[in-house]
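In the two complexes that follow, subunit A is the common piece, with subunit B as its partner first and subunit C second.
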Partner chain A sequence: MIRFVPRTQFGFWATAYPLLLALGITVVVGFLVMLAMSEQPVRDIWTLLTFPWQARTASVQWGFVLQKSSYLAVMAVGLSIGFRANVWNIGAEGQFAFGSIFAFGAYVMFGMPDTVWFLPIMLAFGILGGVAWAMIPAALRVWANTNELLTSLMLVYVAANVLNYVTTGPWKGDPKAGQAESDPIHESLRIASIIERTDFHWGVIISAGAIAILAFVVLFTTFGYSLRVAQNTPRAQKFAGFSPKMTVWMSFMLSGATAGLAGAIFLSAETGKLIQSENYLNGLGFTAIVIAFLGRLHPVGIVAAALLISYVNVGATYVQSASQVDDAVADLVQVTALFAVLGTAFLSRYRIVLGTRDLSTEGAA
Partner chain B sequence: MTSLLSLQQITKAYPGVLANDAVDFAVERGEIHALLGENGAGKSTLMKVLSGLTKPDSGQIIWKDQAATIPSPQASKALGIGMVHQHFALFDGMSVGENIALGLGTQFGATQRDQIIDMSEKYGLPLDPDALVFTLSAGEKQRIEIVRALLGEPELLILDEPTSVLTPQEADSLFSTLRLLRDEGRGLVFISHKLNEVRALCKRATILRGGKVVATCNPAEKTAEEIAEMMIGTRPVPTAKAAQKLGETALDVRDLVTNDLRIPALSVRRGEIVGVAGVAGNGQEALYAYLAGEELAPSADVVRLNGVAAGRFGPSERRSLGSAFVPEERLGHAAVPDFSLIDNTLLSNLGTDGFQSRGLINWQLTREHAVEVCDGYDVRHAGVTGRAGSLSGGNLQKFIVGRELIKRPEVLIVNQPTWGVDMGSAINIRDQLKALAEAGSAVLVISQDLDELFELADTLCVLNHGHLSASQPTSAWTAETLGVAMTGDVNREVAA
Partner chain C sequence: MSDLIIQILAASMLLATPLLLAAIGELVVEKSGVINLGVEGMMLIGGLAGFIALYQLQTSTCTMLIGDVCFTSENSVNQFQYIGSLLVAALVGALAAALFGFLTQYFRANHIAAGLGLTVLGAGLSNSLGGNFFGVDYTAAIVASVPPLFPESWGEVAVLGPLLFDQNLLVPFSFVMLIAVWFFLSRTKAGLVVRAVGENHHSAYALGYPVIFVRMMTIMFGGAMAGLAGAFIVIAQIAPKWTEGITVGKGWLALALILFSTWRPGRVLLGAYLFGIVLALEPRLKAIFSNMSLEVSYFLTALPYIVPVVVLVLISRNPVMIRRNAPASLGQSFEPRS
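The block that comes next holds the complex of A and B.
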């Protein structure tokens, strides 16, 4: 008979071993998936695991990984703040879009300045845009007690349509382009690469800075403490003197800010222009939710999860181009990892005890 | 010997604890047998054995002079054992009759209605079969449970803490019913913490301590103190609160009127303990919330702390005015179960000097403080990094009370200070509260436990349907006048 006994102490091991177990499950399932999907599984698995060194220049591949993971990590850390306190902003994708729209709007509003010194202002407006869009579900939750899961998600589609409107309406650029898009911003406002000809650009560093600041706030300040209190025990939150409404406002503000920042960096570093939503929004804001939970809502875990998932994603794309394996394998790995991490999470709170004793574990009541 | 039930050498071990250690327990026909012991003494385990919820590791069950096994609750019922649990298992949205029928596994019909009415008239348990359960008082709900058990025609009826939610008058009428059942030749097991009730009702008592039977006696021939000593081992000597001159008023509430509360006046002076009596669910939670700042009063001057109009202040601001709070619910309100004791120490100390500066938490100090609270208030724990939820109720309560007392608050507001706490811890906590008042603090104790209030309070008032009675010195109240105030018609009282 297997029994689960609540842990009384949480050591390092209690946290580490479920994660290792989850990693193991993910690797095994990933291998099985590759066995099923590939004609030469051994070669393809090897390629997936070591692709940066298989490619012509490893730095280019690492650049892809770092760039992708920086967007995911910064948004996921922002989202995790609310998730810690049971505030469910799942609309980061829309706040990301508004970050881009505000950044581009600032560029237009200030007369399209052609100087790198305008870049910080663009990023600041990006943050503002993300916050503004996130304030809508926050206000509805605080003032009208509306479920923020629904409102924040629905506002993603509204944001996508706003993006479609500005790229086909007021900011419509080259009509001969194959898609609705704005004119490009000046080259001086494009975030530069740190390593020549790679995607490892200064935006990655800015994101890392934002993650460091938020990690500090979450781990060491009374605000971070208040989020932990709010997580399971709203009444203890009141007892301590924290305002539940303030938690909602702050959670949405910070997650909106990170998503808006990511949107502004994306505009500057990747596309240089706004494009219709289908070709601009690629689900980073949704993947960030998965990353937040893969990282157990802890900043360090989130950064690790973002790097890992980005590595698999970029690797799967590489394998697809090298052989004929569909890069959907990356999605399967991601989903497996999520199931495994969530499924093993309870092991950090319970010990497994094997034995044939009586099932009742309440002790002598 | 007309032994109805005899348990012989019952032993039951759980991981890490021997819940029942060779327990002998016998009930005869026509007796009310008291089963006494602290929380954790093994009473519940023994009753689980009888009701078929758990199997003993060894030992014999003799039922009417024949060896028996009780593998399931159904088997227990079939033998003729009925059980009235401490916590009601009733559906609020259904009628009395439907609830009873559900418990018996039948449909509610005309015959059943007659049965219920017969039964309730015969045993003095007035019940309306068609009343919806949520409209009933705790006493009426208990009658449902008793009638439900009696319809199973039990020869042995077990009552687990039956008076814990009853007013003195309701308890008295319950006792008449129990005596009637006894005189019919049934056996009854009466589990209670209230020793005076046991002494009035029972001729025989079995006392458990640490899973063993420590004594069998006639409780009527012993004093409550002697029985308590057998239960907890050492003689509990509650130190009487020293009489002293009272200081100025530290907590002052005037005309606090909200949806669920009507408090014309409530004040506590320095050095004084004021008790608020009342049956559970009469507004204690709301009163606590308005005093602790978890709910804001309609206007600031309704609640004054040390003369400052604090009605619109939240908990942190009220704490900075020298007050401290202990809510009723330990897990999820006063403490976060999944937090360590260190984390929980911070919960009510965010505004205390040194614990944080500009939003940064001083974990070093918090840890030291957690250790101080545990050492100073006899909290037995496996380390301050351990989960609060893994502490026993008594130890967690000592931690929660200690966390506030160590601040030497000028005003302390406590809701149910010893609810569900073992007797040793309860005595410890009460002594601490008395010491705080003697040192010149104002203490407000909201409690359902009248014995506790009589021991602690200088002044008593009663909360009934959200309405707070006028305060009187504790010596001016009797159990009877209190009972009337706890159940009386509030509106008539106001008019008078």
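The block that comes next holds the complex of A and C.
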């Protein structure tokens, strides 16, 4: 008979082996999915795993991976701060949209300056936009005791409508375009690529910097410690003198800031203009939630998870263009990984004990 | 004018029904102490499954097939084919929920993380399978309309006709389920066990009730109801075509309904129809005031998502009231004390 006994000692191995197990499960399921969907599974799996070297230029493929993972990682690190303290901001998609809207708004407000020196101001306004939109669920939570999970989610749909409004109304650009969109920003304000002709641009570096700052805050400051207290023993948070209200404010502020920053970078680096929500918002804010959990809410884990998932995503797109396999593989791998990580997480808190009950070996549970 | 009011009421019944179905399911789930945030995902998967099932059942009785479009002799499906596809949707919804159940109950995963994962899974899977499911592109498929439950002439009776008789099978079903769930939870022994498990799982376990089993059952019931709700949206509401992300947040509205209702079945009904009326008003107000400014127009489009926020704020201000009927073990994993 199998029983689970709470661990009394937590070593490195207790954290590591459930993750390795989850990785193993994901790989096995991923292979099975490829077997089912592909006509030439061996070749396609090989292509998926080694696609950067299969392509004509590896740097372009790595550029895609880094670019995609930078958005996911920076938003996921922001979200993880709240998740640690049971503050559920699942509206990063909306805050991302508002980051873009504020960045473009600043561009219009300051008379469309044509100088690269305006870029930092645009990014700052992007952060401001994300924070402003995130403050709504935070304020409702603190002042009106309203469930922040549902309100932050509802506000995603509201933000999408605001984006649709500004692209069809005040900032409407070329009316002959096939979609509602604004005029493009000046070329000087487009974030430049670091390596020519790849998507590896300075926005990736800016995101990495933001991640480093947040990681320091979470891991090495008193505030970060208070979040960990809130995560593990919510009551002790109060006794230790940390204010739960402050936790809500800070969580939403930081997660809104990262989502807003990502939105502003996205505007500057990828599209160069605002577009109606269906074609502009592509679920990065929701995927970031998955990435946050995949990384077990730890900055290092999140960066690793974002790189891994982006690699599979870009790889699946590459395989799809090369053969008949649908890029749904990426979705399936992502969700399998999430469920595997969630399903094995309890192994780091429990030991598996085989055999019948033996009271002498059990801790006080 | 009275025509318009009848129209709006009939439309709001159509729009409120999926919310009501999904919320009834989630109510039972939460009463047993589990919070499943995957309603939206289960609705998406169930909706696609119901659509595929109906399309297949319909094609099996096709008299003429032009491209991917099927024409039956009456160009409509019969009530049995409709019920068959609903059963498939409910089954698939329950299976998706069972995945969540295994994760949270047997592997003690975080309810919120697993629920969000289920929503992501539902969205991703329905998008990719809808585009290509065993070689058929269901974004191009068209299903025939579902016949009303009663003879069509009844539906034309003044005033009451459209409200009472010109309705889909699931509309009366949602009322029956609401009463059944109310009766089950408040008047039966089994319902008492469900509530006991939700209030204090350790006590329920000590009394000999199978906590995990009870929760698995309620989770699967919730999944089946969410699947039905999704199928209703796809087949009865937005028919004849399926599109990606077809539920546009209705699953989340159902979750908001539970908080609004403070876990009381009667108020679930009230809330569902309140949201239903808001959803029904939006296109009609736009049609009447066709020269409204762009701001107002987009505000109206966003209204179905603003109203729940406002309602939640109003209802949550008093923390005592909202917590009074809340299950005490809500969202906690059960770990038997050995």
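As a working rule, the second predicted complex is superposed on the first by the 356 of 365 C-alpha atoms of A that agree within 3 Å, B and C clash if a C-alpha of one lies under 4 Å from a C-alpha of the other, contacts with A are read in each partner's own complex, and residues count from 1 in each chain.
Keep this in mind: contacts are C-beta pairs under 8 Å (C-beta built on N, C-alpha and C of every residue); 3 or more make two chains touch, one makes a residue touch a chain.
Here the structure is a predicted model, which is why all the values come from computation and not from measurement.
S.K.: Just checking: does A:T222 make contact with subunit B only, subunit C only, both, or neither of them? Give me first, second, both or neither.
M.R.: first
S.K.: Mind telling me which of the two, subunit B or subunit C, contacts the most residues of subunit A?
M.R.: On the superposition, C touches more of the residues of subunit A.
S.K.: I'd like to know which partner A:T233 touches here: subunit B for first, subunit C for second, both or neither.
M.R.: first
S.K.: Which of the two partners, first being subunit B and second being subunit C, lies in contact with A:F346: first, second, both, or neither?
M.R.: second
S.K.: Quick check for you: in the superposed arrangement, does A:N145 touch first (subunit B), second (subunit C), both or neither?
M.R.: In the superposed model, A:N145 contacts subunit C only, not subunit B.
S.K.: So in the superposed three-chain picture, is A:I90 touching just subunit B, just subunit C, both, or none of them (first/second/both/neither)?
M.R.: In the superposition, A:I90 touches subunit C alone.
S.K.: Is A:G178 touching the first partner subunit B, the second partner subunit C, both, or neither of them?
M.R.: neither
S.K.: So which bits of subunit A does subunit B touch that subunit C touches too?
M.R.: Common to the two interfaces on subunit A: residues 5, 357, 362, 365.
S.K.: Where on subunit A is subunit B touching in the complex?
M.R.: Against subunit B, the touching part of subunit A is residues 5-10, 220-223, 225, 228-229, 232-233, 235-236, 238-241, 243, 349, 353, 357-358, 360-365.
S.K.: Quick one: which bits of subunit C touch subunit A in the complex? Just the residue numbers, please.
M.R.: 37, 99, 102-103, 107-110, 112-114, 116-117, 120-121, 123-125, 127-129, 131-132, 248-249, 252, 255-256, 259, 294-295, 298-299, 301-302, 305-306, 308-309, 312-313, 316-317, 319, 322, 337-338
S.K.: Spell out the part of subunit B that touches subunit A in their complex, as residue ranges.
M.R.: 12, 14-20, 39-42, 44-45, 53-55, 211, 292-294, 314-317, 319, 325, 327, 329, 332-340, 343, 346-348, 350-351, 356, 359-361, 382-383, 385-387, 389-390
S.K.: Please output the residues of subunit A touching subunit C within their complex, sorted ascending.
M.R.: My answer: residues 3, 5, 88, 90, 140, 144-147, 149-151, 153-155, 157-158, 161-162, 164-165, 168-169, 283, 286-287, 289-290, 293, 326-328, 331-332, 334-335, 338-339, 342-346, 357, 362, 365.
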